[in-house]
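Both of the next two complexes hold chain A, though its partner changes from chain B to chain C.
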Partner chain A sequence: MDATLLQQMLLGALLALSVYLPLRCGQLSLATPGFYAVGGYVAALLSTQVPLLAGSGSTSPLWALLLEMLLAGLLCGLLALGIGRVVLRLRGIYLAIATIALVEILRVLNLNLPFTGGATGIFAIPQPFATPLGYAGFTLVLLLAVCWLCAQLEQLRLGRAMAAIRDDELASASLGIDTQRVKVLAFVASAVLAGLTGAIAAHFLNSWNARLGSFDASVTTLAFVVFGGSRLWLGPVIGGLLLTALPELLRPVGDLRLIIFGLVILAGPVLFPQGLITPERLAAVRRHWPAGRSPEPVP
Partner chain B sequence: MNGRTPRPKPSSTSSQPAGQSLPADQALLATDRLSCRFGGLVAVNQVDLAVMEGEIFGLIGPNGAGKTTLFNLISGLGAPSDGRVLWRGEAIHGLDPARINRLGIARTFQNLRLFSSLSLLENVLVGLHHRARTPLAAALLGSAGFRRQQRQLRQEALALLELFDLADQAGRPAGSLAYGDRRRVEIARALATQPKLLLLDEPAAGMNPAEKDGLCELISRLRDRFSLTVLIIEHHVPLMMRLCDRLAVLNFGERIALGTPAEVRRNPQVIEAYLGGQGTAGGPPLGGGR
Partner chain C sequence: MSDLLQLLFNGLSVGAVYALFALGYTLVFSVLGVINFSHGAVFTLGGYFTYLLIGGAVGANGLLAHAQLPFALPFWLALPLAGFGSATMALLIERLAFRPLRQRQADPLLALISSLGAGVIIVNLIQLLVGAESYSIPTTALGHLPAAITIGGAQVRSVQLLLLAISVVLLVLLTAWLEGSRNGRGLQAVSEDPVTARLLGIDSDGMIRLAFGLSGFLAGVAGGLVGLSISIAGPYFGIGYGLKGLGVLVLGGLGSVPGAMLGGLIIGLAEACVPADWSGYKDAVSYGFLFLVLLLRPQGLLGKALPTKV
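Right after this comes the complex of A and B.
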């Protein structure tokens, strides 16, 4: 497997986790690609416009990337905080629709703002890593850190409150849980993660434009979670990795690959309505192989 | 059951709905001309109630009388169209349900609202949410203090389940439990929030007579042990007659009677509205049996 594909898969897994976080407390948000795009623009603009961060112009220092990620995460988090307090009053499908609208608004803004480069976007973003493998290593560290946080969440009261809201929001509220606060928190965490991912992706792809944050991307990232399963953090990770790899691995079969890809996405929910990874299936796997080589989601 | 100390009583018998309830400012919970309208339907109409600290206060009435709506107004799940809800004399209507819970009011639901994908233990732990506060870093790194607190909370949750004879099923998902057991988990979960006032919405629904007896005893025991005040809706009248210190009767959103079980049982309006007229005062349909 070449490192470029690996890097794409890791980015896919991160985006899937970004969709998973609000879903963990029952909120179907499709805003991830919007924040992904914003994060990418922050990195692209800073590293092409700010001489200090641009390095030599073709390569940039690692600390510059980290700083850009920090700022991208911060901006996305603040945006999500402001927007989340309003849109998270909506429930179910209405929240999904509102977040689709949000993605569209951000896309049109990115297309038309004076400093985002219009339809062609921003080019020649300097590279903090010389090879795709360097990117993949860096992204893997981020993915593992996020996975670890998600695994910890299972034991924290915040994680329990999120699960409670997913099961029954009204009952959670009457048990004293500030449901709005928990939901906003999950939405902000999701946006920060998408922003961080975008900042890495902008460097990796070398150019950035408004098409990267579109409704299509919303659907794709949602498919990662639906396919992999939304009960445990491992589900979106597996879904993101597999579904990003599949179209590339199918390249040899030509245009047929799009049909096969579509069929796989269709077959997933039909054969595994809860997604590939469910607590029951994981428990069964663990009974088979007590040693458990795969990463363990919940104790 | 009847050896209880007498509870505060209204100053006169309760055939007249207005003007004889205890002073609202001494009550733990009071409603003051509370009304709730849904379009043209008046679900709760100018209801005055005063629940005194430590009593078990029953709310009975035919289906659609507005009992659950009244609970929703008290617990913040609905907003009154008119009137006030007073907690220790202060208005609390319009606050969100989480705030009202933090004031010390917990409730159960008529149509069970457990977290079905969580285990019994986790359901109760959600109720302990506010006791589980730790600095995030300590929790993430699993510091000794955090682990100790986790253990302590688990023990507390288990102890609550133990009270309801459910400790041996603590690990089971709540969705897989028998109906009567789920009702008990709901009460345990509500108690975990350390309420002063517990609102029970038809806790005996779906239970068999033996379970109902057990529940009746359990509620009295809980009241004494946690120094609770209990406001309870239940259709099973004999149970209510035995359990409650005072009863209010709702019909079409209006409070038609208020008083001790004996007083309510004799009230002609109640007999007509709720008991269909066949009940003779104090006779077997109301007083005896289960």
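Right after this comes the complex of A and C.
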């Protein structure tokens, strides 16, 4: 497989997990592309403006990328902490609309602030990796780490609290769960992940502009999660990988590809309201291949 | 004084279109409790229908290059026909993207995605058929109306006045219909409580179709009006309106018809007040309002506060 496509798919899976985290405690936030854009601008600005991080100008050291990711994650996390405390008082569709507005406000700021390069954005971002395969390897490590964390979450008290809030927020609060704290935590984690992904993507794409964090991206990333299934962490990963690959794989059909993509997004929720990956289907697969059997009961 | 009047007219004519647009969102939201993300695409479609019906020719790109209808209708006839065309599309979307989910009693949030899929299909079909270029409806379509008239020292384009007049008439008719007619009150009953409405013998599914048809009609007319007053800037031009419409919707209160009108006018006026030096930030006005309203008064200006159900 083409390494460039593989890298795009891995980035898609990371963004899908970023949407999944708040959704795991029942909060539909579409803010991911906003933080993705902010993370990308942090990396793009630092690596083109700070001589120490810019390396030779065309290639940059790996530690510079790691430092940029740290700063991007930190900035997005702090932003999300401030914003999350306010917007997470909203529920359901109101939260979704508020986060769409947040993405749009960030987009307008990115387009108009004096240091973000206007509509053309930032160009010639130095490359920490020489090939797309290098990027894909690095991103795969990050994706596996995030997947491992998400899998751990199922066992932890925090993960159970998130599931409880998703099922019934009032009942969880009455059982002593600090629901606001858990929700803000999930929102911050989602933003940090989106920021990290943006920092990698800015280098990979070589240029960065405000269009990368738009409403279209909000919906595409949400489609990843809905398509893959929002009940297990595996769902968004599969959804992100498949749906990012789809428009590229459909390239041979030319102009029809986006129409077919639209059909998939339309038919997906109608045919599989639970998404592709559900605990029931996973259990059925495990019964089929007992080697991969796990002792945990189906929730 | 004339500057202020100019500002007022500019703001109101933009705001009236926002109001028409947001009303379509509100009608569907009030009966289903979800946002129809294909609304922007239906609006775009209305613009294209109007352009074709007044006898406009397709450009050099797309499968239908250089095609043209064999007749050219006057604008006043083309606009309502375009509205009916968009309404038909909205009904089709209801059938394909909303009804199957309702029948399976799936999570209503899924309709956000399926309706968006419908929007993606429409936008790309338009691009495939007539290309990505922008079209403008010539003001000669209006016949012998003067280009601009002077009111109290302010130069007002007659297109703007027409836009304002048509929007106001539609808004008044819609309100009267909702309050006065049997179907209009049925629609209100379904939006209040679909189960009770069904028990009272109201055809909920029919009312939902009615809401979609009306919302599509309003979107189509708004699309034609914007095509006349500004231009149809390619297949994607409805998306920006779709997002701003969300701001209008929340400002007025989700599901409130008078709220959508008031919200549209307020945001139109507020945008007109943004100084030219800051015009890049104009698009953020609607979202800034939206944020403030959500934080200070989540039910919107004219919406009802819902008690939390335990």
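Things to note:
Keep in mind that, in the parts below, the second predicted complex is superposed on the first by the 292 of 299 C-alpha atoms of A that agree within 3 Å, B and C clash if a C-alpha of one lies under 4 Å from a C-alpha of the other, contacts with A are read in each partner's own complex, and residues count from 1 in each chain.
Just so we're on the same page, contacts are C-beta pairs under 8 Å (C-beta built on N, C-alpha and C of every residue); 3 or more make two chains touch, one makes a residue touch a chain.
The shown structure was predicted, so the numbers you read here are calculated from the model rather than taken from an experiment.
Bringing the complexes onto one copy of chain A puts chain B beside chain C with no clash. Between chain B and chain C, it is C that contacts the larger number of residues in chain A.
After overlaying the two complexes on the shared chain, residue contacts for A:265 are found with chain C alone; chain B is out of touch. In the superposition on chain A, A:101 makes contact with chain C only, not with chain B.
In the superposition on chain A, A:280 makes contact with neither chain B nor chain C.
When the two structures are aligned on the shared chain, A:170 is found in touch with chain B and with chain C.
Shortest separation of chain B and chain C in the overlay equals 8 Å (C-alpha atoms, whole Å). Note: residues 170 of chain A belong to the chain B contact set and to the chain C contact set alike, using the contact criterion stated above. Within the complex formed with chain A, the chain C residues making contact are 33-35, 37, 96-97, 100-101, 104, 106-107, 109-114, 116-121, 124-125, 127-128, 239, 243, 246-247, 249-250, 254, 280-281, 283-284, 287-288, 290-291, 294-295, 298, 308, 310. Every residue of chain B that touches chain A in the complex is listed here, in rising order: 75-77, 96-98, 100-102, 106-107, 109, 113-118, 122, 125-127, 129-130, 132-133, 139-140, 150, 189-190, 192-193. Residue ranges of chain A in contact with chain C, taken from their complex: 28, 86-87, 89-90, 92-94, 96-98, 100-102, 104-105, 108-109, 111-112, 170, 215-216, 219, 222-223, 226, 255-256, 258-259, 261-270, 273. Remark: chain A residues 149, 152, 155-157, 160-161, 163-164, 166-168, 170-179, 231 touch chain B in the complex.
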